[in-house]
């Protein structure tokens, strides 16, 4: 069989989570003996641009394609062509609808549901929350919204007092939180779609009393959960290392060890700092040297074969 | 000859127009009868161009009444004016620079053959329909503008300083052709600051002063003084300069050009220019004078030949080099010389900041003094000084000269500096040039108006076909002699 | 003949560059062939329409920053419409929507006398918002007949996508370029005042030019959904790419000069550079650098050549 | 004979309204400031109490001074708008400003733990200058259109940042204390960023109005041929201009880093379009020769107020974005109508 060349396609550049995903792919590829080369198409673009990249990867004659899809339905023309040409297709982070493609995905709906449920419980099942979403009109944001709404439906006493899109931009999120604090309209908790540590900063800098905050397992936020006095909050894991897992899965399939199911959902875990147990988990996950936008969870047990140092080296 | 009992082709009364605080026209009126050529006269800024623009729909008047063949007319746009038979040639070339000649004509539905016919008739040879407008020299553009107007068979032709940028030979042609059109029954409104042209062409004159029509005159011998008085509201003596004895040039020339050639036009231009001297340059259109000035001002490198300033050889690779060597250049093309949306002050003060070492804080007191002095000397109408583009054409021209006046000059290169400048100011510019020379400056003075040579210069060189063919002393420089020389006739005399 | 050559020198140079790049592609990936060309042509589709739209408004002396947003509006409009009606009426309505949006841009520029760049910057947000109001998340549907229109190659070696692009752009542009309207567009872009004085209706010309840009944006939006099969409300990266291609294609910012063919060739050049870099497995971060360098280098080369020419 | 050109004595004819219009046209910042206050008034009506400095929330005093925040967030935007105003004066634009700010911030935050804060700040600023010099070389010497040149260097800088980023994933980040103090601290309720911004703004205003360099910027934008005729070597001006623009962008990036305190790979990129918007709302012409930094500052404040208004409005995101555009259009259209400028 091998050695294999694997193509990677990703449509968001300059975002800590996506950068970690790419590095995880590189690290995993380096760890796999059968992988000879990785061709990475990694830029900011839309679904049509991803189609272009996928076609270029097919043209380059790769054996497998691991992609983080911009949209579940939009890529079928290229993915069908790839599968027809015998190329193994693995979608990571989000799903695709192409027949025959494997999916190894963080469960975005569950991600939002888990954090929101914790938040609503934390505020005693009633009160007002601020809901800070990602980019309007993007699939991942829609998935998370479904999860959030599901949790909201379970807590009739909870209502959303402000809903806003941060565009997954740190500065936007911070500024919006300042504005909410300035209006003086009270709220009891904040759910964020991953723009989290700047929200804590906004509270601290304006001297407002802290409320429970839910974010992702970004190094900066996890650090705050461990260190900021009076902050109760939770980080929901959303490991960028699904990328590495995707590579591992692709190699398995190429080597004839395809799993029975084409879809593997990586379920998120919630780390809260309200209990002693939770605090311990957080203390264990801390990584003060890591880029604050990088998720601290760098591997998925059973799926990834590299060390912290290797993913950070980002070579392969 | 128009008289009041005939129905006028065009009769405008009480036209007024303000631009913000500037009242360009307050009460202007004008009539043209068939076959009549009316001169529209006035000092710089009197409102002539504004009037023309209003009559042809390029500007909307604030008040006034316009009758075309006795009927009330509302001219909303140049296109509409054209349909009513009013066809203008504006002072600024109005052709589209990025289109070729044919497309420009197609834009206004003007027949190409007719235009080419008129272009030929007006004395421009070799114009092709696929020439790009941006590649054509200014004089050709003016002629093309006129030819386009003629080809659309106008009832009334409005010519706004059509001839200001034209050399003598072309002016002759324009006058001839326009006269012929008038004789066929066309009405003409003719704007020019040159009395010779008006005397030759026009039947009557309407005089504007400060935006008001102050009177109509019949053109007849000796009307000039009366006309100037009406234009200016004061008397102005038009006496000639006393040229006196010819200057004796001694010592090292300020500027020496030897064997300058610029392929393909300029073949061999040599001359010496001494401190204290005004040296005229006489040439018909396209004899290479533009290129010579480009070389002297550092815009272009000569193909061969040498330049010396005060005896030291010079190689200019940028206008800054020429300026450093004391050569200041006033170009003929205002579009090239003005910061249109900046103030008069900034335009004049520009060279004060040119060098790297002048990038620091402005020396505003020093600057204001110099600028105000220049404005006063040249009598620049500063009513609309916030943006130079709002000045009248003549005043814009003065700003281009004022820049170097303020900066101080050693050697001044003037390329047709009195283009579009009214009589009074011209009469102030000649002494000014003389004064500069007397203070030790050397001046090279190209003009398309031959009568200016004896008024301003000590000697004149004649360029014909890329060569200096003659050198004439001011005392002998009658217009006739200059004309002969300019046509290259004196050279033939010498050869025969 | 030599005049024609000189006039089109830049475009011919671009064409030569494209050929060289195609050869390089073939060298790097010997299997590159009909399939590769076809996916190249398809990838170029939305860029080509965006660029053609941008080129027209730049020629008329303006700029339209809202093109990518208009593409998004048209994409979602068509995708939503096709859920309830046939492709032909949906496409027609979409084209009309595009025309209306573009003409509205133009009318606002003419009426408010606010500079083009400001109006279209504001409309960038307006149309982006409108797209999100039509469809809050990716969705809708696209008729398969439309999707097959741009796949495959009826004439061997000539991808259908290329034919579609050529026909669509030509249908909009060629009749106008031929008519006096085209001349007016160039005239207004070259010198608005002179155009007005030559009898051109400047306001109408501008509105029409922006309207045309709207129609081409609509085609761009349609090509997007033809590629992906769904409508996406978030504008793609077509704005800056189209400006770059327009300039690369020899259209002068400021107006009056250039055509549509040069910019479209430039689109292909930019696309094939990406293909080459992917085929050569260049590090994606370096890819960004290389793309930037090439863009600047080509324009620099052009600038140096024309400057030399002018210096004689 | 009267030599002086006659000045029409027409003050009496002119209506007061017209005169007021002209006064506004000569001082275009005034109507802009009026718009700003109008918007703030609308905001105060929408959310009573937001503008007042100290107010009681449910849990007692919240010391959130909204005006302070407004100014704080407007500062980096106004600084990037300065890049646009200065380059637009010469009919240019700096499309790399946002990315250069991001690069500077990221470089500073990641180098601080390695080489110490002061050298890191210096290195960060010099990245801006170097990139700016590249822009200046392209625009001034090779004569590439500024839009393309700066777009290109922006792309190149993005790529370089991505490559660089890989080497510093685990070196940790440190934000120099001075920057944090500037970015998050307050003095008398006003952001400390003003300690940098006020001298900065004064310097830019002075540069534009009272120095030879400023003159040349206006002149180059108005008519480059003329400046050449007057002996200006324009490449020198362009080189200095774009280097200055790069330096300003880098400085803005550092301030932003102090404010946001998370060095993201796209930290200041979203400020690019708003910086262009602030400049043009403030009355700067992209065609060169006309511009005002004071206007751009007010433009930046206006954009920030609109941002807040829309954040607080409960409506679908699409409507919010569209409204943002409509307000910008409305403000500039009214502005053009009142001042009669373009």
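Things worth noting here:
Order of writing sets the labels: A, B, C and D. Residues in every chain begin at 1.
Simple rule for what comes next: contacts are C-beta pairs under 8 Å (C-beta built on N, C-alpha and C of every residue); 3 or more make two chains touch, one makes a residue touch a chain.
Computed from a predicted model, the values in this text were never measured in an experiment.
By count of C-beta pairs in contact, A-C exceeds the other of the chain pairs B-C and A-C. A centroid comparison over C-alpha atoms places A as the chain most distant from chain B.
Computed from the mean C-alpha positions, the centre of chain A lies at a distance of 72 Å from the centre of chain B.
Separation between the centroids of chain B and chain C, computed from CA atoms only, is 45 Å. The geometric centre of chain A is 34 Å away from that of chain C, both derived from CA atoms. Here the CA centre of chain A is 34 Å from the CA centre of chain D.
Multi-chain contact residues of chain D, defined as those touching 2 or more other chains: 158, 162, 166, 317-318, 321. Residue positions of chain A touching 2 or more other chains: 13, 136-137. Residue numbers of chain C whose C-beta contacts span two or more other chains: 131-132, 136, 233, 283-285, 287-288.
Counting only pairs that meet the touch rule, the chains in contact are A-C, A-D, B-C, B-D, C-D. Note for the complex: chain B touches chain C at residues 58, 77-79, 82, 88, 90, 92-99, 103-104, 106-108, 130. Interface residues of chain C, counted against chain B in their complex, comprise 3, 180, 183-184, 186-187, 189-191, 193-201, 256-257.
Contact residues on chain A toward chain D in their complex (touch as defined above): 13-16, 19, 23, 136-137, 162-165, 167, 169-172, 174-176, 178-186, 197-198, 201, 205-209, 220, 288-294, 312, 314.
Touching chain D in their complex are the following residues of chain B: 18, 20-23, 26, 45, 210, 232-236, 297, 318-320, 322-324, 329, 331, 335-342, 346, 349-356, 358-362, 364, 379-383, 403.
The residues of chain D lying in touch with chain C in their complex are 95, 138, 142-145, 147-149, 151-156, 158-160, 162-163, 166, 273, 276-277, 280-281, 285-287, 316-326, 328-329, 332-333, 336-337, 342.
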